[in-house]
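Each of the next two complexes has chain A plus one more chain, namely chain B in the first and chain C in the second.
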Partner chain A sequence: MSNQSQDKKYMPEIPQKEIDELRKSIKATSQKVMADNIARMKKTSNNRPEAMQYFDEVADFFGKREKEIRAAKEAGKKVVGYMCLFAPTELILAADAIPVRVNSGWYDTAKLGDRVVPVEVCPVIRSTIGAKMIGLSPYLELSDSLISVLTCDGQTKLGEILSDYKPVWSMPLPRVKDSAQSLRFWREEIMTVKKQIEALTGNKITAKKLRSAIERTQKATKAFRRLQDLRKGNPVIMGRDAMLVNQTYMWDDITRWTEKTEALCDELEKKVTGKEWVCSPDAPRVMVTGTPMIWPDNWKLPTLIEEGTPQGVIVADELCSGERLLYDPVGVDEWSMDDMFNAISERYLMASTCPCFTSKDGNEDRINWLLNKVKEWNIQGVIYYVIRGCMLYAMEYTRVKKVLDRINMPVYYLDTDYTREDVGQMKTRVEAFLEMLAARIDL
Partner chain B sequence: MLIEILAEILKITVLAGLTIAGILAVLIWKKGLATKVTYLRFVVQAVSFAAIFYIFSNPIPLLYVVGVIFIMPIFLGRFFCGWLCPFALYMDLITVIRKAFRIRHRTLPDKLNKFLHNFRYAIFLFFLALPLVLYLIDPPPTLDFTIALALLLAGPFKPLSVLLGPIITLIVPWVGPLEIGGIYFSYPYVQEIIDYSAEIGLTAVNLGQILSIVFVVLTVIGSVLLRRVWCRFCPTGSSIAVVNRLRGFKWAPVLHLDKDEEKCTKCGICKRVCPVQVTEVYEQKGGKIATSMCMLCFRCVEMCPYEDTLKVNIGRKTIFKSRNWLKPSESE
Partner chain C sequence: MSNQSQDKKYMPEIPQKEIDELRKSIKATSQKVMADNIARMKKTSNNRPEAMQYFDEVADFFGKREKEIRAAKEAGKKVVGYMCLFAPTELILAADAIPVRVNSGWYDTAKLGDRVVPVEVCPVIRSTIGAKMIGLSPYLELSDSLISVLTCDGQTKLGEILSDYKPVWSMPLPRVKDSAQSLRFWREEIMTVKKQIEALTGNKITAKKLRSAIERTQKATKAFRRLQDLRKGNPVIMGRDAMLVNQTYMWDDITRWTEKTEALCDELEKKVTGKEWVCSPDAPRVMVTGTPMIWPDNWKLPTLIEEGTPQGVIVADELCSGERLLYDPVGVDEWSMDDMFNAISERYLMASTCPCFTSKDGNEDRINWLLNKVKEWNIQGVIYYVIRGCMLYAMEYTRVKKVLDRINMPVYYLDTDYTREDVGQMKTRVEAFLEMLAARIDL
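Right after this comes the complex of A and B.
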């Protein structure tokens, strides 16, 4: 190996001892935070579904699933990490590799990321850089390769920075999705990534394998949408629990995740018939939209909403760490290789409501989808959640606010950072909003 | 006499019975929501095929058939093209075979597709104008309304039968172009090709037969490459747009497609699955889909994964709408 390839373009040289110490202390904090979050979720929810037990276990970053992936890797399987949900998981599955999403939600590693990028940069990016610096995230460490989709500025450079350690496949994304040439371009990118996945795994993606992979994710989408639909009525599951279910999809085995989610939905349906609600049906129904909220640390907003006085309940979200992950199915018309690739490219590019897109009508798809969700899920208030540095979501707020004002929907802009210091201040803000919602409902 | 009437009633009953049995069979047998309507369409097409054969075997003036085909679209849009036309059935069957061989289909550039769509009017007018051309070349001794009408309907260039071209069944109850074992076989437009060739007067080289074979081969290959290739410029399917473009006739299409703007994520599935590449369902923001290209086959409604986004309405009543097709079908 030449020296040049080992030269890190971005990452600082940190003594191994310091790395080990940092990892040890941050891991310990993280384990505490995870246990604490789950304990609080159990406490808040009356009649918490039994089936959540499984998701509580999988949610543990340093537990069962890590060991499983490690064992699979030893048996010869490859792991492909991805940083945006635009990465075609179907192709990874079809090549018999394991897809894992590696965006980081750790607060403590965000501070480490400051050594590489300025503090103005989105904390999701800083935190992921920090996690890589000390090798904290098992899924990021286990990834053989990373798919970096160039959506926002942060993600674009994150891929570049992480390429200090691992091969990174960049997938540029057209910013205007509503045109034939964009779709053609994106399809070419998908084909390129397909070849790279094949080269990495040594498995050829055949029509049969791809079909089976698509059918697996379709089943997952089915279970996922069933869960979302169950949240339309009186609360049978707390928003945090549902969000945790959604997030575990990012690293769990997809078939098993689907089974467990279906089992959860079966249990929830029984609760609907038995009228066993998890909290008061009068609790304000809140939707969160904006920057992704990533397990385990960045759980403060949902916690504040659902543990506040008055208690609110998150019944829907428009987050790329939540609803957007799986709601849209891959719609295959004919099971030919060609059409399957068309379907995959369209599902990832066209159905997405990511704010990185624009068109002659602006990002109208997102506006329409928000309006639809507000009506379908009987939302009583929207919290527009932005972490500092997340430009795209912050900039779209004005438009979203205007549209929601028109239908008389309260919306609250909440900005924060990857830090625990502002929890007290945030609590006041969230509770004031919830109180206002509760007062509106009483009227 | 009585026996004949009874036999007719029996035939109609058998047809109706077949329709109901076929539809029920599909409803019970096909659980996948994403293909159910497609299978239903095959049943309806097959029954329509039999019904058209039955109509042909009666001495019903073809003028009435043309009348029905041209008045129906005013209210039902091109429902006939999507669900009843026999030529469409042949093309759909070829599609099924193509799918079985895992061969991909091609698409035309949108501009060319739109051009072909408008080109159909040129074809339509060409055939209507042919009798006039004939009149100018070879003026009849007296100008008489009856003669003019006779020329138009039954003259050597029969525009009427050209318009009926696509609904020719494969087996015809009259002397058709091809006889095997006493049964006459035909194919859309083949009879017209033979007649026209004879009119041109090149019978010596069997021009009619050669052209017919070329036509059959071309349409078969064409429908392997492109779904519903003929429907893109078929002159018979041209009537609806003319009516709908007139002011004051917006109410006319009773059967229509509606789109809910807010529920649509513009995922593009409707555009991709459309057999004739209609883009309006995708592009139009919401409301009544106004295009004469749409054959109302409802494939887009069937494949749209967002509940209630696309709706098929008769008047104000919704008869079919898009739904989450991932769900297993509830018994209907």
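Right after this comes the complex of A and C.
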């Protein structure tokens, strides 16, 4: 038995037996990696917030959240997957469907993706292709349809490749955001995807439902911001823990996630009052920026920073897998349909600092975000992280470096791939950078 | 003395002395490469068309065309450079300005570009950056402004980097073309650039002037098509010669280019009648597809094919530096301003087979172009050419291969960089492919 490749544009024929064996073995590795990552996060601090326990559980890709979504599907709900955070999840929620982000952080499936695209291609893309080849990702498998926002070159072709298996709704994104026609165009794309969501789910997106969805997301944003703001002072949460909280938003139930995040913040506030720091307040305060770091396997760099000698702590990031996810609320004035759609269009387009954008001042919004973060979060060093094949982040490095040099902020360029093999040499490089930061702090 | 890098977003400070020395030495190498390429093209066939002499001359980047444009500028004309063939050159011509494409084919400047962007980035981009760093390209230097169409990731950031030196007009391109909103959006971008051209030149683009510009381009398209059609039969022109004719369009005076191309076609028709083939009619008929091959240095692959043992001949291509340039005319029904702008918008968006596009059937237009060419031009083998760092072409390979396999058409994936060092091993690979093709023909 084999899957049919004849009518597929991209995907090769793979015997079902091979698929099953690969899925079994990669799933087992992944379960081990997730457990190991969480064990290490627990071990990193004696003061780890107790509220993290919830996020540890929901982080399990093969755990209770998968079962929940499966049960919801059996009860008639639809699932809409998405690859980039430009997908307007409010519309998915308003149609009583479940949004899940399906970009892959699995190292082992990137090797499988090499059968479809050359090895030079961004590993997030290769890994997502590989995950689909063997049906590894429960959320991707459960998706009834995928929203593919055409941000970078890799994402553009990824949607095409995945359309061998699933209906894919492409949303072209204008690469200049500050023009009237761009916003108009993007709004039209949002209206198109609205119709597609309605057709898939059979549920009309009414003003009432949309308002409710926006309000739920606004609450999530509020909790999300509260968490990031708590990272401005002496550390009460390690960066990896905050990153895990941020990422679970992408597949968790949004209302429950919001409650749990608020509870976490309550606990963190008590720690602030009690001066219960999660690590030494002298640990170098690091910001990471660049390509997304996706759970579970691609936890390599945060682990190296926070388990390093000297130990660093990630207090902020500029990542689409991190703080960019949910930092900006949809700002509605009136609650007419028109106003809500305007607000959604503006929020997804204007708030993004993704390097797919340019303007007459280049991707100025990203520069401003970074400078603001450095100041407000009292950053002592920046790691500019690029996975090989990610041209946009690689190309913007020179500009970011120039800007950070000007304010005397150390920045280190670290490039890597979806592989475990380079952890040793990365450790040496990361620790040398942390040592330099620690020496500057001592001065 | 040094150029100022303080106010530049990307470009590093380089001492003027170093700039001058680099320009001098790279220019000298380039002049040698151009002379050598042309000498080799002459030597390849005893039957080389005499009309090629004109194109040999105008191909010289440091020759009479540079002087002409310089003189025109001194007389008050403006020059508008562009990086991608989506730039609506009709509007530039209608404003009495001179359009020139400035993407670089120089190998040596790619190494300079590495000072600004990582080496993994597409070499066309790195080379164009390097050319600007040392002021090597007369056409780039003479440009008063640049049109940067935001096609791929590399081009998007290239525009940003060049804006350190020149006014850059970014034109975001919708990555899905078959929707009403995409066409509307693209038309608005065309209208925006029209205003920018008018402001730069001080010349209003009237209906009369625009019509004249469109008609000149239509004539050029007619000559261009006539040349490509003459390559359907037994070879009367080598592929490299046709490629040179195609590329000189990007900087030559369009009316003169059209006359010279028509004259070349007259000569070629006589050769058809006289059965004066330019090489053996049994030479494997090759199509090249993939990333652009830009004059003068990046003549590597066509040279290997047409000087190979056995000798192949390139009879068609699917390249934005080749047949995609000018194959499709602007189709105007009435000659109202409105109709002309619609026609220009449609032509640039809809006719393109660039892999930056996708749709629910993927980049189907490219597949159809390739299949049509294979059939109509009697292709015997396809070389799929990718320069490292070009994700879009790399990613579409699997699909193209599947389609060509299905019609039993041999296809060979060849990846390379802007370097001379791999010519030896490329030669081995190309000749093995040609041998296989020759063996199939003998069967």
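Please note the rule applied: the second predicted complex is superposed on the first by the 437 of 443 C-alpha atoms of A that agree within 3 Å, B and C clash if a C-alpha of one lies under 4 Å from a C-alpha of the other, contacts with A are read in each partner's own complex, and residues count from 1 in each chain.
Operating definition for what follows: contacts are C-beta pairs under 8 Å (C-beta built on N, C-alpha and C of every residue); 3 or more make two chains touch, one makes a residue touch a chain.
Computed from a prediction, not measured in an experiment: that's the story for all the values here.
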{"item": "Touching partner for A:221 - first (chain B), second (chain C), both, neither", "value": "first"}
{"item": "Partner chain(s) touched by A:396 [first = chain B, second = chain C, both, neither]", "value": "second"}
{"item": "Partner chain(s) touched by A:117 [first = chain B, second = chain C, both, neither]", "value": "second"}
{"item": "Per-residue touch tally on chain A - higher for chain B or for chain C", "value": "C"}
{"item": "Chain B versus chain C as contact partner of A:358, first or second or both or neither", "value": "second"}
{"item": "First (chain B), second (chain C), both or neither touched by A:170", "value": "second"}
{"item": "Partner chain in contact with A:178 - chain B first, chain C second, else both or neither", "value": "first"}
{"item": "Contacts of A:261 with chain B and chain C, given as first, second, both or neither", "value": "neither"}
{"item": "Contact residues common to both interfaces of chain A (with chain B and with chain C)", "value": "none"}
{"item": "Residues of chain C defined as touching chain A within the complex", "value": "8-10, 12, 116-118, 120-122, 125, 150, 152-154, 156-157, 159-161, 163, 168, 170, 172-176, 179, 181-182, 184-185, 188-189, 192, 355-356, 358-360, 362-363, 386, 388-389, 391-392, 394-399, 402, 415"}
{"item": "Chain A-facing residues of chain B, complex", "value": "34, 99, 102-105, 110, 261-269, 272-273, 303, 305, 324-327"}
{"item": "Of all residues in chain A, those that touch chain B in their complex", "value": "177-178, 180, 183, 207, 218-219, 221-222, 225-226, 328-329, 331, 333-339, 342-343, 346-347, 350-351, 353, 365, 368-369, 371-372, 375"}
